[in-house]
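What follows is a pair of complexes built around chain A, which joins chain B in one and chain C in the other.
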Partner chain A sequence: MNPERQRILGIFGLLVMVVGITAALNPDFLGAYNLGNILRWTALFGVLSLGAALVIMTGGIDLSLGSMAGLAGALLPWLLRVHGWPAWAAMMLLLAGCALLGLLHGVLVTRLRLAPFVVTLCGLLIYRGAARTITSEQVIGYGVEHEQLRLLATGSVFGIPAPLLLLVGVALLTHLFLARSVAGRWLLATGRNPAAARLCGVPTNSMITLAYVLCAMLAGLGGMLFSLDLNSVTPAQFGQSYELYAIAAAVLGGCSLRGGEGTVLGVLIGTAVIRVLYNATNLLGIPTQLEFAIIGGVILLGVTADELLRRLRQSRSAL
Partner chain B sequence: MLPSPRSCFALLLCVLCACGDGSSSEITVGFVSNGVDPFWTIAGAGAAEGAREFSVKAISRFPNEGIADQQRIVEDLIAMGVKGIAISPIDPVNQRGFLDATAQRCALITQDSDAVGSKRICYVGMDNYSAGRMCGALVREALPQGGEVMIFIGRIEQENARRRRQGAIDEILGRSHDPDRFDPPGQALTAGPFTIIDTRTDGFDKARAKANVEDALARHAELDAVVGLFAYNVPACMEALRGAGKLGVIKVIGFDEAEECLAGIAAGTVVGTVVQNPFEYGRQSVRILAGLARGDRSVLPKDNILSVPARVIRKAEVDDFRKQVRAHLEAGR
Partner chain C sequence: MNGPALLNLRGVARSFGAVQALKPLDLEVHAGEVHAIVGENGAGKSTLLKLVAGVLRPDAGVISIHGQTQRFSGPKAARRAGIALLPQEVEVPENMTAADCIALGREKRGGWWRQRRAEVAEAQRVLALVHAQFAADTPVEQLSIGARQQLLLARALAEDAKLLVLDEPTSALSAREAEQLMLLVESLRARGAGILFISHRLPEVLRLADRVTVLRDGERVAEFARATCSAAGLVAAMVGRNLPAPQTRALAQHDTLLQVRGLRTAAHAAHSVDFDMKRGEIVALSGLVGSGRTEILRSVFGADMSRAGNVAINGVTIVPGSPLHSTRAGFAFVPEDRRADGIFDGFSVENNLGMSSVQSSAGAWWRSPARERQNAQRVAADAGIAATRLAVAAETLSGGNQQKVMLARWLTKSPTLLLLDEPTRGIDVAARAEIHALLLRLAAAGTSVLFASSEMEEVLHLADRVLVLHEGRLAGTLERADLNEERLLALATGAHAA
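Here is the complex of A and B:
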């Protein structure tokens, strides 16, 4: 079995274990209502995680993702309710705006050779400030309007949460891009060994820039979906720390921070593990104060086990 | 010759200073919140009204990133030469040293959340424990036969939140008046026909706030009422209940005046809410600080506590109250 499949099986095993333990301790966990909620939250966070994963696969990092989601999530109701824009135009504008900001990240990282950490850290601050300034720091939502649009996040089709369907679409496209397209393979090759990829004729700068653009667009899409779901956006806080959840899900799902590794399925399962852990702390009545510690501990456990298995495989193949 | 980086920096600072509207002759006072929320927009409008009324300049600041941000803002205000600061301390017990140090440099009063034992001059606000009891009374009114209740709140480490939650618990369970009592979260509390299953906190993350309610609905099918003790908790409760098809079935009792909460009261899906008077917090704080800056100590309230009582908003009062809130919000903007 190839290492990627082993890794996916490993993280899937962790998911099954957490699900199994929680379901055994509280059968309500497997209720349709609760599973629907978990799937919806996994879908919403999954969109962000896929974006984070694409950048991580190139060996970069995007810390601005949560603020970008916050900006798009705050500007959507602002454009719709304050300025009366049609929904499709507002969403297109915001996605294009996010793509432009992603392009800027990519250009700063590849052309000016600035560290991705610094570029996106500045983005984190700038976009948060922009969201607060543009909306005059007012809590903003859709009220009782735009019920149809909100179904994108709150609706369901044959019992399947709408965001999950969106995530499946985004995940399929991302998978096809990474696994079936030349550009996708170039992107992974860029992350694995940029110098070697460049020598082989891979346009590494373009690939890195593309990853930042896609990440920013997914952050924007995710932010809009979150805003539609919650119907209330506090520009100062909306999406805060979501970049960390997204990065944690990507790493737990098998993306190496050194770049060149990762699968869409792994990232989705990684996201699901984190959401299930949050759900489990509530369903098992574990004090909220402990939830970060539990989630951090489980992620550390998963990543450590993955690294130990990788070394074991390497030592076996060396023999 | 090109200007040196240092002279460019000095020029930039001058430009930035010139952009401000500071005036050295005017008395300036600071008004500092514990976060960002429409509640504080209204309080800021009250501070602005107070500034007009009492002929001072009021600078309202709303820290976004917790205690460190609040401390930075206070230090900046002191550096700007404000004569007094009205603050809602996030963690009054642990911020006591900082508050005392601030009180050495300018007149310090607390508003919204008190810091008992610190060197603050006086407190403007309501008694959160009593307001919590008013919220608990709404629960008892909504569930005359008793039932299972769950409480949702942003955090309980700040004094006002702790007292508010405790007041609600004590009233629901029919206990005696004891603001110093503390029931740690994570354990069910039962007395008579009422059970408070738990208190879940969300750390101001709205997604988490909604998920907490959904998880409670999944775990406790027999839940009768949910209580949202921070302004955004009520809309989060409503969204989760709407998603589960239980809005209007499970009782919602709120705190503060989020627009969704007021709309819910008007529509009959929220039983009622306990509201403070943030506009008066702002106005009265500026009045007292302005008086102190002019050496007039007669502005200080008796026992150094100016009580601005909370009130209950039910369906009958909600329309008038909404108009008032909108007017204050507009003024704040």
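Here is the complex of A and C:
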């Protein structure tokens, strides 16, 4: 069995374990309402995780995506309610704006050779400030208008939450991109060995830039969906530390920070594990102060087990 | 000389796997003596040097200093015994001053605290001994390579080194810096230091060495005292074996394919290189380590931005710094360092083979797995890679097979010019023969091949023409008819001009 599939099975096993333990301790976990909620939030976070994963696959990192999601999520109701824009135009504008910011990240990383960590950390600070300034720190929502639009995040089709359908669409496109497109192969090759990829004639700078653009657009899309779901956006906080959840999900899902590896399915399962853990701490009455510690602990356990298994495989194949 | 030698080797040998890099060797270095080691690439010089400096441990034999047997547990133990190695690539920490660098690891202490004043005083003392032109508080990052070497020598003196081991110390220096270094070596010898000196540059050897040992294939083949030493004698001893004379090969008179004019690389900015290549011709870039072979190869391919001059294929100028452009123009490049620049770890052999031709036609968006598999199978068969290996991870292949993968990945596109840097370094004889046969087949089919190689046999076997480089300058061109080892070596070592 190839290591990629092994890894997906491993993380899936972790998901089953966490679900099993939680369900055994509190049967309410398997209730339709609770499961629906987990799926909805897994879907919303999944969009962000896929973006984070694309950048990590090139060997970079995007710390700005939480603020980017916050910016898009705060500006959507602001454009709709304060300025009366039509929904489609506002969403197009915000997606294009995010793409432009992603392009800027990519250019700074590839042309000026600035460290991705620094570029996107500055992005994290700047976009947060921008969201707060533009909206004058007003808590903003959609009120009772735009019910139709909000169905994108809150609705369901045959009992399947709408954002889950959106995520499946995005995930399929991403998978197709990585597995079957020329650019997808180039992107993974760039992350795996940039020097070799360049000498093979791969436009490595363009591939890295593309990853930042896609990540920023997915962050924008995710942010807008979150905001439609919540219907109340506090510009100072909305989307805060989402980048850490997204990066954690990507890493747990098999993306090495060294770049060049990772699968869409793994990242989605990784996202689900984190959401289930979050849900479980609430359901099992574990003090909320411990919530982050538990999520952190399980992720650490997961990546440690993965690394140990990898070494075991290596020492076996060396014999 | 009286008393036991400063350094004494008795029957010291070392193997790597099945290869005996150094056969049992006796060698002495006395105090106040320069002992030079010469030999071709792969003769065992580096192994010898690493054994003396404690980097490697001998399989057999005894190393003694002043008659005392030594068993070095590592480089640190060798340094404590008074042996200082000045490596070919000078590596010094850049984020400190010269005095800090000299004191690093042996800081003068008063309790928990460093005593900087004592460190600076010692630095000034030893820097004066090496005739350094810079002050002890100069930041290391401001020092030239020559000055950094002086710094390392000063550090060795501060450690009370009795034996200095210099590995090609002048290979990265300008002529003026090299002259300074030689004066310094002479003054250290006069002060009673023993010096083991490894160099490819015969004029330097002739000037400095009191004794010269010639190694070939891990064995001493000759030893000369200063009085009996000559350039011709050294070259004859280094070559030794009689290689079969290169077979003449019919080279059809083709038109010119590649034009290189006024090419300058950052490493040797003072010299520019001009040459042409014909279609189907195999040209070798030959020269010593540091002569600029790799840089010229990379510049022709356009791997690096920094270059001056013009490279044109079929009259079309190549954009520097854009491998994408070069590969579309029909160039292919097989780099020297398989791990760093060639193989994609964790990708299957098939994916590695497909990497240069993921895009089946310019502007295509989607890959075609079926065609990729077909192409991979075809080029794997061409290059002699077993079809059963296509699915395994590339890093599990042997060096020879990895080398074939790096070459074969270009064959789907049938390149017009194939550039290779050390095409068979560190691989087994059978794989080497297969790669040589493949290169000859490609050339016969009209692909031009430009390769850099340190392996004399490889150059003699493959090349229609050899461009010999010496310190970044084109020292001479040898046509296949005039090609032999003595001429090549004489040009490469600067023993005489062409």
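Here is the rule we go by: the second predicted complex is superposed on the first by the 319 of 319 C-alpha atoms of A that agree within 3 Å, B and C clash if a C-alpha of one lies under 4 Å from a C-alpha of the other, contacts with A are read in each partner's own complex, and residues count from 1 in each chain.
We take it that a contact is a pair of C-beta atoms (placed from the backbone, for glycine too) under 8 Å apart; a residue touches a chain by one contact, two chains touch by 3 or more.
Keep in mind that this is a model prediction, so the values were computed, not measured.
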_chain A as common anchor, with chain B and chain C clashing or fitting_ = fit
*Partner chain in contact with A:Pro287 - chain B first, chain C second, else both or neither*: first
*Regarding the shared-chain residue A:Trp41, is it in contact with chain B (first), chain C (second), both, or neither?*
first
*Give one of first, second, both or neither to describe whether A:Arg180 is in contact with chain B, with chain C, with both, or with none.*
second
*chain B or chain C: which reaches more residues on chain A?*
B
_Going by the contact rule set out at the top, does A:Gly201 touch chain B (first), chain C (second), both, or neither?_
second
*Please work out whether A:Asn193 is in contact with chain B alone, chain C alone, both, or neither, and reply first, second, both or neither.*
second
*When the two complexes are placed on top of each other via chain A, what is the minimal CA separation of chain B and chain C in Å?*
23
*Following superposition on chain A, which residues of chain A contact chain B and also contact chain C?*
none
*Can you list the chain A residues touching chain B in their complex?*
26, 28-29, 31, 33-34, 37, 41, 44, 132, 136-139, 141, 143-144, 154, 226, 229-234, 236-238, 240-241, 278-279, 282-283, 285-289
*Using the touch rule from the top, collect the residues of chain A that touch chain C in their complex.*
3, 180-183, 185-186, 189, 192-193, 195-203, 260-261, 317
_Parts of chain C lying in touch with chain A, wherever the complex brings them together_ = 301, 303, 323-324, 326-328, 333, 335, 340-347, 351, 354-356, 358-359, 364-367, 369, 396, 409
*Please give the residue numbers of chain B that touch chain A in the complex, ascending.*
36-38, 41, 62, 64, 185-186, 198, 200-202, 204-208, 210-212, 214-219, 221, 232, 235-236, 239, 243-244, 258-260, 263, 333
